[in-house]
Structures are given as structure tokens and as C-alpha cells.
Amino acid sequence: MLAPALLAWAPTISAQEPADPPAETQIFIKAERVIVQPGKELKDAQVLVQGGKVLAVGTDLVAPDGAKVLETKVVCAGFIDPWSTLGLDSASASLRDTNILTRAVDALNPFGSAVHLQAALRAGITGYGVALGGKASVKGLGAFVCTANHADGGLDVLLKDSFIGATVGSSGDAFDRIGYAERLVKYIKAGEDYRVEQVEYTHEIAKWRTEIAESEVKLEKDFKKAKKSRDKEIKEAEEDNKKFKEESYREDRQPRKPRFDAEKEAWARVAEGTLPLVVEAHRYVELSALLDGTKAFDRLRLVIAGGTEVLPLAATLVKRSIPVIVWPTPLGSKRPAGMRAHDLSLAGALAEKDVRVLLGSGGTSGTRDLPLLAALAVGHGLEPEKALAALTTEAARALDMGSILGKVRAGYRADLLLLDGDPISTTTSIRQVISAGKIAFNVEGGQ
Amino acid sequence: MNISSITHLTAALALTSAAALGGDSHAIKVGKVITMAGEPIENGIVLIESGRITAVGPASEIQIPWDAEVFAAPNLVAFPGQVEACTSQGMDRANESIDVAPFLNVVDSVDPVNFFYEEMLRAGITTLNVQQGNSTVIAGRGMIVKPSGMTVAAMTVRPEAGIKIAITPKRGKSRAVQLMILREAFAGLRRTLEDLVQEANDGNDHARREALAQGRDFEAEDGKGRAMTGSGWIVEGLEAVPRASIDSKILPLLAIVEGRISVYMACSTPMDVLHGLEIAKENGFLAQTVLLLGPTCWKVSDEIKAAGVRGVILSSTLEHTERAPFAEEDTVTVLPTHFAEKGIPFALASQNSTTQSLWFQAARCVALGVDREVALAAITSGPAEVIGLSSEVGTIEKGKHGNLVLLSGDPLSLQTQVRYVFIEGKLTYDRTTDTRLQHLMDGVQPEGTSADEPVVEDIHEEERTAGDK
Amino acid sequence: MNILIAPILSALCAVSGDTGSLVLQAEVVHGPDGPIEKGRILIRDGKIEAIGAGLELPEDGHLIELEGHLSAGLVAMGDQTGLKGEALDSTRQIMDGADLAFGYDKTDDGWGAFLEAGVTAVLLTPKPGALVGGRTAVVKPAGAMVQRRAHLHVCFSNAAFKPGVAPTSYPGAISMLEQRMKTPTGGFALLGKGLGVLLAAKTRAEGLRAVAFAKRHDLTGALTGVSRAGDLADELHDAGLGVILPPIGAAADPRVPASAATLGKKDIPLAFSLGATNRSPHALRISALRCMKAGLARDAAWKALTSGAGEIANAPVGSLAVGRAADMVLWSGDPLELTSQVERVWIEGKQVHGDDDQ
Amino acid sequence: MIYPGFLISCVLLALASPAPEAPKPVDLTVHADYLHVAPGEVVRNALIQIRDGKIASVLPGRSAPDGALSAHSIMAGMIDASARVTPGDVAVEQSKEVITNLSVTDSLDFFNPAWDRLARTGVTTTLIAPPDYNVVGGFSVVVKTSGPKRVEARVVTGASILRGAIGELPSAGNSPAFGRPTNFYARRPTTRMGVEWEWRKAFFDAAQSARFPDAEFEGADVLRACLAGDVRIFIQAWTTADIRTAVYLDEEMQAEGYGDLDIVIDAGAEAWKEPAFLVRTGTPVVLPPFPATGRLGERAFMPWDTGRKLTDLGIMIALSAHGETGLKERLSAQAGYAIRGGLTFDEALACVTTTPARLLGVEKQVGAVKSGMDADLVLWNGAPFSATSNIVGVVASGEVVLTPR
């Protein structure tokens, strides 16, 4: 368990950050609107926060004495960027020598990235999924990190193994690019086989040991007899001075232990669905190749990132409930040649077809832009409610955080935004950002 | 009275040893002895026999054995030979391309005729810990040498003295990959040992069953191995495996985990330090870890203090200047004072024999506000401690190696010169015969020299520049 | 409002029986003097004939009531769309006679993106890479040429230096320009006579040199490319120059939008460019928004996207003023709000983008 | 005739508007246990009063009033006659090998953090020269290392100093012109010999142009001004061969009756090898930073007692750090090394204050702590230049640029 303990060591991100109230201090928020989750709202409601969690949400709560009271127009859950490279040391954001064992947490540099982390926090992003190596075909273990400081001042890593990141078709000709997809499928298959092999071994070895144990008991029982006959044979041998020969002993060979393979072990976790697999792919051919290839693995949890040309495959995505992390960035003429211009309308179009849509920045400093990108997506046909869901509930769910993040709900982690308007509007400004129950950013500066 | 009797005794010893060793007994008389162990001694005498100091004291109290070679320098100051706590110079090449290569040994790379040792000697450094360079993951075993002798054997003070582990990625590697390889190295070691134990046990069981079947009496061979020790993790039952039967390639790794060999850990950035300490803790070698810190690592000094490593070596950059992204002002951090204030004892490192030699580093520390005693310790007793040789070198005390430097004045003054250097009692350096120094200081071209000075590579360069970005 | 109506009616009598006119009404019309609730705008022959609340419908015209905000089209500065290879001639260092207008290709498929983003005027500039890269032009996406010769593009950044070609240095470049200004010919002769100057630079030091040059020869125009021009506010104000800000990306130094705010406070004319890399036109509104968050006043930001940009572009674009070509955008909401969609775009009264249910 | 290079900075001066960062002159009092007014002049317990960026008065035997900056020792702000803070090759016009009508001024970037760092090392005045990729690179300029980030606020009017180089650099990158040259690097000089030849040619042509009007060429006036001794020439010459060349050039011009060049050797690492030439012509030398290990630029070699040797021969020397600011490279460290090489404290002090001030023609304004001069002070926590003392404070034109901790 390297991550939290270790990274909690890094120094506080911002000097001007207000001193946190002691963990016991309660925060009581009164708001005109509390967006519990997209589509579920409370008017003139209150939120009580304690010990890093939301203690209660209601319309008739009263402030306990000693609680710090905040008033605002709107409260909603902190935004989540499921697809970021924020906090990585600059070199590691664009690696190519990664494999499934490389870990994003090993490249997190809270010292170099303080400015960007702070900017993201101020923009309302309280948590993000981070993976290595911009275009590496296998990026390795992605982590889930918070933008605000850990209680002891460092980066707050909620999950050091949140997902596996991969890329398909980042380079090469059409055939190479499909090749990436096929290779990915091979890896997963290998992982699956490896798991099977291990299970078989454990059965065999258990069986072998019991059999041997039984025969051992028998041998012990027959030992005296055996000893007698041996002594007898020795004597006989001496008499007709022949050389005494031990009778040979045979038993079933012990089953061979399968050679340990760290990479296959990790791929096995992907195959059995304990780790989601986030694959960046853009072109139709590669996307369909990937979807076809992974059909067989029914426990695999696939997430598509980018997905520029994924629209025609919407049906499949819906059927297999595969979410798409859309990157609604105005690419302009920098868009890769031969890709259709979906960059801004894609989110809306997918959502229309009931595909689970997430929004990601795919960048280091870009993370702070996520709310802007969401607004642009709305400006191109995504329903505001779906946009908010993409930034909160859906993102949390896709990265195994659904049970503690993304909602303003009792028991959930208190990552909250206090706003003076609609969360998705770009003219709204954020009054306070609460992370793990502490005021991590306050527009008024002080407490 | 007491003292004189002792000296009689030593004299007697000297007589016998003189007979045996042909008079290996020296008395060095100087105006002042800075022992770095207690108050300086005016008009002091240092007695050295068979390479070791047998007595130190004021002339009035020390009786010189009749057979001792007396070296009188009433105007000079004796100072302990300085100790270079970790260097990668003086080897034919500093790095091997293999990532994990603890089976290598710098003994095969140390180059006795390298200019570097001459330079170090000239600067008054008499003990050097030579470790592989930083472009590695787990390096070969290093050694401690003295800058004199024509063969590595002659130079050797301690063989097998530590292993370099680099947390800072080796050239062309990323942090994530570097750390993956490092973790995998130890995880691999553990798996291998576990398998060995398993095999050994299975082997024994089979032998026993065979004996039962054949009706023989069976006494299980108890493993000639040694049980595993260590504070990180332990593989039970390793005693069943004779150490000799373990692949010699991984034995040094086992030595690390069992805490039997020092680790010199190269960390150029604070994040490296955090990862490094974690890995050291996981694998139980924190206590014999020495950190080689880049200029930015002051940012985690609290964690370093808390971790309780064996030692800290500062890079030759003593003042760190950086401009935070989007900031208008530089932030300047004075490293030695910072660590001194945090109560973390540190050793200094030198880059070259002139503007960045150890004594000059110490002088700069004083200039930057470090207590004079602390600064002097950081180039003598401090580094001796760090390399685990404090009982042998670093101060002028009875029982230690006869390593001293005779200076023309205060050790930290610009005008002071290194006049003579004694290593294990032998006069090893004499400024009056140092033609290359005359060349450097006075522009006198020594006959038959190609006057092309060695280029001493600056191993801390990238860190220094890293800070300023 | 009556003041407005009177002349219009007379105008209508005058032009009775011609092709007819069009009156648009929107929830809000962003006129030259600020937003007008339930504003109306009268268009004839592609020109704006009147604007105001409660304009009466001339009998030959018909009224379209629109939902959302109607505003002038945005003006994008410093772009090379449609210039293809023409963006920079590498054979010469000084091309004061070269008109980018000749490189303008209205058929370029890149223009669609501009209409999608509500941009109706674009200032074409050469890529920096020559000391004097040519004369800029103002065009409409897939439409007409508005201004063939807007500025002389002079590059004060080190991008202007090529190995083996004079000048190789800042001092060399400046003295070369000084030489040309002594006895001006070609483009230099037109400076101040209708032709503005576009001073391209990157660093603040280069900016200072550029501004000093303009001041010495009292040239009008704008400084472009200096992201932290705010630090030069006094010099800029003193020399009466405008500023074209490079696109403010996600990674941008927070001091960049802050510096825009500084310029705003000093009333220095502002506009946003798309940079040399042909960013998506959406970058314009995003940049403006960032500056607003950093303290640039709302109407200053809006001006920088429209009329202010028009002035710097040295062309009659970016405003719904009477007499101007009817280049308009219908937004689903507040144009400075990224969630607002571009519903329709008109150029010279003709709808060129959006669903046409006329 | 004004040279275009200057014209620009002059115009800038003309329109000098109060720049945003312009420091409001603040009155300041500084106290020193030991004040090194100038080499050889020490005042105990001195109180220095500063008004409008100038030193108003120096009062001996005073105790430090509350709130006054104070330090163990104080000396004048240092002057580096070869600071080399330029944007690099874009600071010198290479389209001709001899450039006389341009100034490096038009390339300076005062937003560069290097200036603050330089100021914090106690260097308050510098000579900035065009980099040495040309034979003659144009005019240098004397600037302050701190103050408003505007040229007009930083430039100090001193001697007009032309910059040139002998040795490898001016010919580096040039290639002989085969067939039709594609760019101007296909030209002379391609060797040291060529460089030497270009120097001669330049001055010979200039001398001719004085006699025959039709021999006039662009920039000849500047070269004539050099021959007349009105413009000083800093020549970079590392090795003894190059130094010799420079001296011969001067003597040749005299012999021909063309005039008398006012030459200063910059980076004269090997001046110690054949000092006779320099003694003969009374040519001053700016020494490069001392070598940490091995050799210096162009494989020149400078022993640590160079300062001592040249001073004994009466050759005027200044020290330089070439703009380095590291603890062990900065100018104050160079003074320390010179002392290690045998120079006395006062000699070393002169080498970084009064002497460079004279070489730059600004000795009336900077280089000593006297009333009326710029309030440029370096505050030490011990004896200046000693290995165990450090610069703890710096005042430049009355502004505190490094505050004692």
C-alpha cells in the first residue's frame, strides 16, 4: 500500500490556502438548491458535513452549535475528470516504455504540479483518474487522485489501482492500428488462460498432496515389514556375496507450479473484471475491432476514451453498457486527418442514443478546463443534466468510486462545490470547494 | 608519570616492531593539531606506528620513541585527512548498462592512475567511498579506497562497501519504469527464495518416503543454510537452503534485505526521496540507507528526519535557486543551514579539487551560516560515520589510521595550502614536489606533460539545472 | 426609439417597390449601444437599415420572430485558414508589397467551423517567419473580401531570423526597418495612409521594441502575440496601439488573462487571435471567458470579440451599427456563455448556417 | 554623427515615460562595522545615508540606528566588465563580419530573471557586449543589473565601447565560397589568420577613407573614431597568440600613423605568458573566471596567480564572472580566487569595483561608496571575499535587492 501513506508526505499545495478546521468541526451548508444527484434536487435545503463525510442532507436540518455555517445558492458534488494526466512529472505524461505493471502513482509529482492541481481545484474538479503515457499502447495502472491536499498535506490518492489504461491506433498505418486492438485482446486472453492455469494447479497440487499423505501413512505402517525384508535381503546378499541393491521407489510426480508472470497476473485481473480497462481509440475500424475482439470476455469492464468515430457503434455500447469518455475539445485543424468532426457534438449525439457519456480532459493542465468543455458540449447538444452526470455520478461509477463519490448524499465523501449559479454555466463562479469535509478553496480567501 | 610509562611501553613495542618492520614508526610535530575530537592541541605531536595513531598530545606530554622518524613542521596545522562519502569518479567508466547488476563490483573498474585520485590527494582527501554512477537501478558493489597505491589492492580500505540504488530514473528511463524494475527486483528475490525453500522441503519429504519404502532409517538432512534475518520481510525456512546453492547473482540483494550491506540511494528530486524511503522500509534496509540528495530534496527534509536513515550526503550545490511556475520571484534555499536547522547531520561532497573541493564546500557552509564545527565535521568525522568507518578515519585519535593533512594555516582560509599529506603514517603528498599543482597555481609547465587536465564530469549537473527550471 | 423610426419610414417611401426588406426580432439584440430587449433589426439589401425596440414593419418587409440572442458575428484575428502554402513566402525577408488577399481561398473547407462558431469576419495574417511578412486582409468565411490591405505585418520576434539571411539579430532587424522608414517605398509608404501596422512579437522585450518603433514613426495598429502585454500597458497606451492576444489555452500562465484585464482597465483596444496553429474558432470565446474570470469587464470582453476587434482589424465588421453589412449570429442564449449554441448565422443578410425555416 | 545603434536608445530616452515598475526613490540608511569606501579606504562604524538612489553622506563612528540595514562589512556594488547576459546569437548581426553601426542595446531583455540573480550576487553594473561571432560585433552598453525593466532606465552613459574578437569564434561557422555562395557564411574569415586579416583590413580601409572621400564605406566613421581614440575597443582574446595579435594591431596603426587604438583585452586568460606586450602598450586586461578544473575557452590556460603576476608588472586588470551567479562562480568568488592566487584584499577589491569602472568610463558614478555616487552597496556577514563569509544584502541605486536574512 504505497500510495496514500507515501504521497501524504508531500507539502501543502498552496500557501494561500485557508487553514483547515480540525476534523471534528462540522460544516453546515444552507443552499437554495442542493443537487443531490443529476435530476434529483432539494429546494432550500441544508447539508451537514463532518469527519470528511456528508452526515445529513435535508430541508429541515438545523445548524448544530459550533458548526461552521456557509450559505450559497447551489450545492453539488465535486466534479471528476476520469481521463487526466494531472500531477504526473512532465516526462511520465508522454511515456512509451510503459507496460501493465507501471503505475501512475510512481510518477505523481505533487511538487512540480502544485499550480495545476490548485487550478483544477478552483475550477471545481475534486478528483480525477490519472494514467501514464499519453499514447502508449499499454499505459499501466491508473490511479484515482484528489486535487485537494491530503489531511497531512500531500496528494490524496483514493485508489492506487483504479483501472488499466491503454491506447489503440495511436500510430502506424491502418493495419498496425487494428493490430493494436488485436494485441490488446491477446493480452486479455493470456491473462484469462493464466488464471485458469493457476486454478488448475491449485486443484492438482491439493490432490497430489492428499494422495501422497495417504501413501505416506501406509509406508509408515509397513515400515517394520520393509525393514525386516531389507535386513533379510542384505544378509542373503552377503551370504552369496552379491552386492545388495536397494529396491527402487516410485511415486506420482509432483505437479509443476506454473511460472509466475507479473504481467499476466495483472491482465488476469482485467479479464475477470476486477480492474476496468480504459482504452483510448478514435477511428471506427479500430473501435469496432476492439469491441468485436472483447465480446468473448463477459466479465471485462471496458471503457472507451476519445471515441471520435464511435457513434455508429452506439447500439453495441448500450448493449454492453460500455461508457465513453468524450474529449469535447475544439481541435480545429489539429484534428487527426481522416477523422470526422465529432469533437464537440459527439457527447450530445451519444447521450441521445442512451450511451453512458463521460467527459474527460485528457490533459495535465487541461483538467482545469473540464467544466468549460462540458459547457461547450452542452452548447453542442448535450443535455445539461447529462453533462452534470458525466462530471459526477457517471465518472465516479466508471472508476469504482460510485459508492463514495459523485453525489451529495449522507455517507458519501464530502467533496462539494458551493456555487452562485448553475453548475454547468460558464458564468457561474465557485464560492467554495469542499474536499473530504474541509474547505480546500474559498473565493473570499480566509475562512 | 602514567603517560610516560605508556610511552616507554610503546617505545619498547616500537623497538620490536622496528626490528620486524624495519622501523615503521613516525612522530609528526606541528604547531597545532585539529583533532576533530576535542579541543585543538597547540604544539602537538602525533605518533603513528604501523599505520595507526598510537598517541596524540602536546609536545610536553608525548615522548617520541627513539626509533621514530620525526617529521617536524612547527608552522603547520595538522588536520584529519578528509573523507569523500560517495563518489563515482576515478573509475574507467561510472556505469554499466544492465539495470539490476548487484553482482558487479567496482573493484574491476577503479583506476589507480586516474588523475582524479591525484586531485583528491592534493586537496587533502585521504579516504574515498567509490560507488557506481547514478545511471542504474541497482548497481554493483562499491568499495572504500585511499588515493595512493599503484594497484587497486594497495588502494583498498574496505572491499564490498555498499551498493548504489538509483530512484532517479536511469538515462532514457521514466520514473514509473525505474520504480517498477526496482520493486520487481525485490519481489523477484522473494519469490525465488520461497521456491527454493519449497523445493528443498519437497526434496526432503521425497527422500524420507523413499527411505520408508526401502525400510532404511532416515535422518533428514537439516539444511546447512542460515535462517533469513531482516526487518522488512522474511522467507521462513531459508535455513533449509545452503547459501552456497543460491544463485550468486541474487546473493547481494539478499544481503541488502538482510541489512548486511550499506545502500547509497541516489535521489535527485523530493518525489524520489519519498519513493526511495518507502521501498527501503518495505524491504528492511532503511537503517543502512544513505541518501544522496539533489538540490531540491530539502522539500522533504521532515520526512527524511522521520525516516531515520543512516546518513545524508548533500550534492555540491549548497544554495538552491528556483522560480516556481508562473512566479515573479526566485526562491533561494540554503541547503546546509536548512538541514542543520532540521537537525539532520549531513556529509558534504566535492566536485573537483579546486573550486568545489571538500574544504571549500565546508568554508561555503560557514559563509552561509553553518556552525564552524558542524561544517568541519561534515568533511571529516561526518562522512566517516556515513560510510561506517568512524572507528578508523575522520579524526586524529589514538587507534585510528594515521591519515593527516598538514596545512599552512586555517583549514577554511583561501590562503591556506595543503603542504603534506600522510596516509597510514606514510608521507604520501608533498606540495614542493607537486609539479601539476605548480602548473595550476603558478603556470609552470612540468617537463614532458601534455598539460591537458582531466575533465571531471559533473554528476550533479542535471539536478542543478533541474532546480532552476 | 421614435427618433429611429422616423427616418426609416421616410426611407421606406423612398425605396418603395424594391426587393423588399427583412425585420428580425429576438429576445435580446446586442446592438452597438448595448443589449436591446425584444429588439428588432431592419435589413435591406444585406445592410442594416435600422435597429431598435419596436421597429415598425415596413409593408414590403416581413418579420421573423426569433428565440434567443441576436448579435453581430464574432471577429477572429490572425488566422491562416484558406491560405494553405500562401501563409508565408520564405524567399524574402521583407515583402511589404505582398497582399495576403491573393492567398485567400473561399472554398477552403475550414470555413465551416468558423460559421459553426459564429465567426463572420477573419483577419488573415502571415505566419511569423519573415521580417515583413506581407499585408493582412479581412475576409468573411466563405464569403466576401472586406479589406484587401489592413496592416503591414512586421515581425519583431526571433521567428523572423533565418540562418544565412540578413538580418540575423534584433539590432540588425531594427536598423533594417529604420533604413526602410527613412525613404519609405511600397508598403512602408502606405503606412499611416490607411494601412495600419501589425507588430508581431513574443516576449515583452520584443514587444517594447515593437511599440517603440511604432511610436517613433507614429504608426497606428496593434501589437500581436505578446501574451503578457499587460506589463506594457503604459507604453501601448502612450503609443495609441491596440493588442491582439494569442489564444489563451488551458496551460496558459494565469498571468496572461490577468494581463488582459490590466489592458482592459487602461481602455486599450483588445482582440483575440487564433494563433498560428489554426485553433478552433471556439478558442475566441474561451479566451474571452478566461479573461473575464481574471477580471476583464464583461462588455470589454464582448467588445474584444466584436466591434473592438473590428476596429483593430481596420475594417467595418463586428457591429450591428446602421449601415453595416448584416453579418449576424443567433445564439440560443447569452453569447458569452459557452452553453449557448449558435442557432443561425447570416452574412450580408443571407442565412449561411443553421436550420432555415424562413 | 550619432551611430544608429545609439540613435535608438537615445530616442527611447527621449520618450522615457514613467515605466510602471519605476521605483519611487526611498530614503535609506545603512550601517557597517567596516565600510570599504574604496580600495585602501576603510571607515569603522560608518553610517551611509541614501537619497534618490544616490549616496547622500557617509558618517564615520556612528552606531546603527533602529531599523537601519546593517552588516559586518560593506563595499561598493561590483562591476562586471564582461557579464554576457544576452539572448545569444540573435544579439549580434552576422550578415557582415565587421559591424560597427549597431548596438547590442536593441537586443537586451530586462524581463530575463538572470538580471535579478546577477544583482543578488552583488554585481550592480555590467558591460554587455554583442556575442563574439563577428570580427567586430558592434557597440557594447553599460547597464545596471536592477531597476525598471526598461532600457532607458537601465542604460548608464559611459565610454563608447566597440566590441570585437580574435580567435576561433569569429571564423566559426564560416565556410569558403565554392561556386555560387548560398548564404553569407560562405565568406572570410574561416581561420584565425583570416580574423586577424579582417581586423587589419577594417582599420586600413577606415584610414584610407579618411584621406580619399570615395573610399568611404558604411561604418567607417566608427572605425575612424576608434583610431582617433574616441571609441574604446574591447577585444576578446583568450590565448597569448590572440593577445599578441591585438597589441600588434594597435602598434601597426601607430606605426602607419593612422592613429592610436584604445584597446582593452577581454577574457585574456594567457596574458601572463607574454606580459611584455601589454606592459609596452599599457593595455588593460579583463580576466575570465578562474578555471575550476582544466582549461578555459579556446583551450587557454590561466594559473591562479595570474592576477598577482600582472599586477606586479603594473598591468591594469579587472575580474569577471562572465555573468555566472552560482555560489562558486560568481564575481565575489572570483575575487576570492584571485586572493588565493596571491592578490591582496585591496587589489582584489579594485579588480571588481574601481578598475572596471574606469574601463567602462563610469568611475565618477559607480565603483566606490562616496557621496554623490550611485547607492550600490554589497553587504557581507564577514570580511569580503573570504571563503567563510557571504553576501547577505545588496542595495542597488538605493533599492534593497537582497535583504539580509
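Quick notes
Order of writing sets the chain letters: A, B, C and D. Residues in each chain are counted from 1.
Keep this in mind: a residue touches a chain if its C-beta (ideal position, glycine included) is under 8 Å from a C-beta of that chain, and two chains touch if they have at least 3 such contacts.
Here the structure is a predicted model, which is why all the values come from computation and not from measurement.
The minimum number of touch steps linking chain B to chain C comes to 1. Ranking every chain by how far its Cα centroid lies from the centroid of chain D, the top place goes to A.
Rounded to a whole number, the gap between the C-alpha centres of chain A and chain C is 45 angstrom.
Remark: chain C and chain D have CA centroids separated by 47 Å (rounded to whole angstrom).
Of all residues in chain B, those touching 2 or more other chains are 325-326, listed in ascending order. With touch defined as above, residues shared between interfaces to two or more other chains in chain C number as follows: 254. All chain pairs that touch, listed by label, are A-B, A-C, B-C, B-D, C-D.
Across the complex, chain A is touched by residues 169, 173-177, 179-180, 184, 187, 191, 195, 202, 205-206, 209-210, 212-217, 269-271, 274-275, 278, 296, 299-300, 303, 324-326 of chain B. For chain C in complex with chain B, the residues that touch the partner chain are 253-255. Looking at the complex, you find that chain C touches chain D at residues 158, 161, 163-172, 174-175, 178, 203-205, 208-209, 212, 215-216, 231, 233-235, 238.
Of all residues in chain A, only 2, 5-7, 9-11, 89, 91-92, 95, 97-99, 101-104, 106-111, 114-115, 132, 140, 212, 215-216, 219-220, 222-223, 225-231, 246-247, 249, 251, 254, 257, 260, 262 touch chain B in the complex they form. Interface of chain D with chain B (complex): residues 113, 116-117, 120, 272-273, 290-295, 301-306, 309, 326-329, 333, 336-337, 339-341, 381-382, 385-390.
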